[in-house]
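Below: one structure in structure tokens.
Order of writing sets the chain letters: A, B and C. Residues in each chain are counted from 1.
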Amino acid sequence: MANTATRGQTITRALILFNELILVLVLVLLSILISIGNPKFISFANVLNILRDSSMAVIAGIGMTMLLISGEVDLSIGSLVAFVGVVTMDVINKTQSTALGVLAGLALGSLTGLVNGLVRTKLKVNSLIGTIAMMMILRGGVYIYRIAAVQNYHLKRAFFEIGNGYVGFLPIPILLMAILYLVFLVVINKSLAGRYLYATGGNPTAARISGINVDRLKILTFIVSSTLAAMAGVILVSRMNSGQPNSGQGFELEVISGVILGGTSLSGGEGTLIGTLIGIIILRIINNGIIILGWNQDLQIVVSGLVLIVAVYLDNRRKIARAKIITT
Amino acid sequence: MKKCLTILLVVLLLVVFTTTLAFAQAKKPKRVGWVGNYMMHEWYQSLQKGMKARAAELGIELEVADANLDMAKQVAFAEDFMAKGVDVLIISPVQQEGAEGIVKRAKAEGIPLIIEASAVKGMTTLVAICDYDCGYKGGVATGKYVKAKLGGKARILAVDLPALRPCILRVDGFYDGIRTIIPDAVMVHRIDGQGLKDKALQVATDALTKDPNVNVLYGCNDDSALGALQAYKAAGLDTKKVAVCGTGGEGNAFIVAMKEGGPYVVEAAMFPEAVGYECINMAVKLFNKEKVPEHWVTPTLALTPSTWNKYYSLAGEVRTINWKAVNAIKRESKCSKY
Amino acid sequence: MNDKDVILEVRKISKEFPGVKALNGVDLTLRRGEIQALVGENGAGKSTLIKILAGVYRKDAGEILFEGTPLELHSAHDSLQRGIKVVFQELTLVPQLSVAENVFLESFPLKRSGAIDWRTLNRRTQEILASISLDLNPTRKVSSLTISQQQMVEIARALSHEAKVVIMDEPTSALTPNEIRSLFEVIRRLKSLGIGILHVTHKLEEVFELCDRVTVFRDGQLVSSRPVPETNTNAVVTDMVGRSITTLFPRTHSGRGQPVLRVRGLATDKKLKGVSFEVHAGEVVGIFGLLGAGRTELAKAIFGLDPVIGGELELRGRRLRLGSTSHSAHAGLGLLTEDRKGEGLVLQMSVAQNMTLPSVREFARFGLIRSKAENARSQEYVQRLAIKTPSLRHKVEYLSGGNQQKVLLARWLMKKLEVIILDEPTRGIDVGAKAEIHKLIDELAMAGLAVIVLTSEMPELLGVSDRILVMSGGRITGEFGREEATQEKVLAAAIA
């Protein structure tokens, strides 16, 4: 009798210490519930659909996670996605080269990141305000650049493939997401840069005293993050087949909600990519599930909000239990 | 015989001359002010083109202000114009209730006021399309296409924008219209795409996963229809087995789509340029204190790949409207549904 | 033992956390008007007992008798209501509210209408402050007060609840000698009001200056409880540690080598007014100063954390760029900050990660960190410094204060430094660990580093330093060699 009790205790203990426990539970529970309502949810086609649609948010989420870990944030990615889409399509139209168009789009992202980084480190403007300003500048700017959407006059195959192509059975956006995810997983967890990110966000003074060039690190993180968001923009313009100045609205909130649901802290020093991945997918599953179940679409936001609150609450309880286990 | 013909010709010429002269002699307002709702939108860009063209034609000075979705700004601009002394005021209301104040002020100042797009209580006249009838025409044309080319059964995916009543009317109209040709047409999905192409793509993808068995895609605006089409293509479904109908024709997107020769076969066009054109015409009428109906309907028509170029021509990225053809379109005297 | 005088009695109290017995059958008695010192190493059980008395933890076994009747505490509010007030190191005042509002935080005097009776509030606060000879305006915002004054307000809060027992948890860590004197007077006032006081401290000189009785904890048990006149420091330390500690300040290093760091005319726009001095290799320079003298500002200015408006630094003859932490760090400077949680440790990171932070590049190949090497090196230091942690991966925020400090020291030991600046290295640390840290300071000097120790503890200053510099008002006002330095000379320079 005593033995099974301790085994149960050990399992509970291990579960409580598993940081992504609540997220995985929520994911599995939601999936099961929706599948009961409509088994189409769990079909191969729908799973691919969910992953492909999440790929843009996840790719941008990788960058956002790194930024939040370092203690910063970027609210301009929605407007950036629109601008990148318009520029990419326009450049391909004019140069008949997909590569040039994609490079132009990514370059726009990197440039935006550089400016965001400089505004934060040199002008010492808080990144929340700074990137909101950038969001407005980019959104206004894209309409000045092009008031109407940029249609596809080039019909390049390579361009089509980015968002709509497959490698075997795997859609290319999912492949891109997987590659970038794995690369940055190594960067965040195993590289010097990753270690410095956590230190900078966790305690900037301690990081400075340890010789970390905090300003340079932050600028670099902004650049990488915006470039990743630009990548998401390239995937989007390929899937939409036109550069829409009015696209990407609410994208930054979608990404940030997923990242925070995944356990990354708004105050810096904490966050994981796996949490971000699961968080974004949970939110996507909710939106997808509501349509698959044929419910009123207005519920999408309501359910997402409820899940966010419940998940964070449960995770807080788990953290308290975890602290009790660890401090003794 | 020749003499009769010559006399006839002279009389004809005289009639034409006097009527044009009469029209030209009709009093024209010197200045017209327009406070627009949201100039960044393609619809209003095109509308503005039409308005400016007609004003230039008639030698009327046109001033344009953009409220940019801000009701308070709109009131301020309207009052500015009235103070400056415009002869006629046109507004595209940001909010129908909020604009009632402007209506009262204009009446008090004795300045004729034209409302564009959505009705305001107490207004003199509204220049706008009939959303329901526009959708209806699109539905009828789509129905005919489906009957002829797609086997006669219609299963519809409609991308709506339930937050705006005009959009709901368009989708309702479309559905009623298509059922006059195909009575057992089924609305399989009616989803909210927020009028945006990327959102429409997202929700249509989900809907098609739930049930991919559709052969008609309808959008309450062109972006919605095109987003749904992208989703359809991405789902690997056969584009030869689907018909796409968009609404509005505010930009070049639909022309490009039709030129491609793909499934985009009907455009329930709303001719924004014509709306602007008619606003100026209405300004002249009001200035001359003519009696006008409460709702002056502007033309809508279902365009197809073989007919769109009668009304529009596209050179590079600039499109030009064919005024003669558009002005000749028969308009409803009032809408079937509001 | 006069039963009527006993105000608080604790019998056979036990508390266990998974894997650790924090308190093992502890008996404690506190009388009215008695100041009883609670001493013991970190983890000995004092804070656990206090938290139980504060209502923060629930005891597993045993009973608490308050004025003879058994007491069951369910919450911190409970405990305060019953008359037990704990003044923790982390003060619980609301900075934006006034002194009076804080003193009566849980029990505002109300008018019949339900509105707050401000006049009574301020008057009664004034009365309480007067009873402990505290001259403060009750309407002042707490955020404008010094730490020492804030502490007094916490004590006043105890009086507003008519506390019969006041427990002070290491109250003097952040205070100047003058403030400590004022605090002791207040505590003596409380004693004269018949309140029983438990005074938890690491500073044994306080025990002998202030307290009537000293109770020693070790490993969750009460080892001894004797009247102060009947015991001495050695006896107490022996009880605390379980072995006798012969020297508190071991010195094996031989002293000066070449000058390593030259500071000339360093000035900031806030406090420093032009500081110049030298430190040699293998030398320990102790810098003393009262609160506001500018010690920490000096450390931060040297390190480049704060902007400098004048002066220059030379490291081994080469000019050092001012105002750049990365330059200072790469040149071989290290800084153990005064605020170890706020500026030193990355709390969410592990023991190993915190230790290796400045040196982590050494363990990296192609930009990727090799964990095995990192952990091996970290383990070395964990053992060398006897850091108590369940594992290298343990998050540093869960370690006790003393062990956290050791992690920070290990950090700087691990890196090859030229100059190390230690700002209050033994603050809040128990005797056993203090001795170890002093030994490490000695080792650092042995290894040829130039060591600068900023401290406000006189015994430590006089014990570890080869040379003493005294600061006051942003300037150096005195310099003494080890042999000639006395407490009086140092204090005289500090108030100059």
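Keep this in mind: a residue touches a chain if its C-beta (ideal position, glycine included) is under 8 Å from a C-beta of that chain, and two chains touch if they have at least 3 such contacts.
Please read all numbers here as calculations on a predicted model, not as lab measurements.
Novice: Taking each chain's centre as the mean of its C-alpha atoms, which one lies nearest the mean of all protein C-alpha atoms here?
Specialist: Of all chains shown, the one whose C-alpha centre lies nearest the global C-alpha mean is A.
Novice: Taking each chain's centre as the mean of its Cα atoms, which chain lies farthest from chain C?
Specialist: That would be chain B.
Novice: Round to the nearest whole Å and give the separation of the Cα centres of chain A and chain C.
Specialist: That gives a centre separation of 43 Å.
Novice: Whole-Å distance, chain A centre to chain B centre, using C-alpha means?
Specialist: Computed value for the inter-centroid distance: 39 Å.
Novice: On a C-alpha centroid basis, what's the spacing between chain B and chain C, in Å?
Specialist: 75
Novice: Note which residues of chain A are touching chain C in the complex, please.
Specialist: Touch list, chain A to chain C: 186, 190-193, 195, 198-199, 202-203, 205-213, 269-270, 323-328.
Novice: Which stretch or stretches of chain A touch chain B in the complex?
Specialist: Answer in residue numbers: 38, 40, 43, 45-46, 49, 53, 143, 147-149, 151-153, 163-164, 236, 239-242, 244, 246-249, 287-288, 291-292, 294, 297-298.
Novice: For chain B, which residues are in contact with chain A within the complex?
Specialist: Of all residues in chain B, those touching chain A are 40, 42, 45, 191-192, 196-198, 201-203, 205-207, 209-210, 223, 226-227, 230, 233-235, 251-253, 256, 317.
Novice: Would you mind writing out the residues of chain C in touch with chain A in their complex?
Specialist: 17-20, 22, 303, 305, 325-326, 329-330, 334-335, 337, 342-349, 353, 357-358, 360-361, 364, 367-369, 390, 394-395, 398, 411
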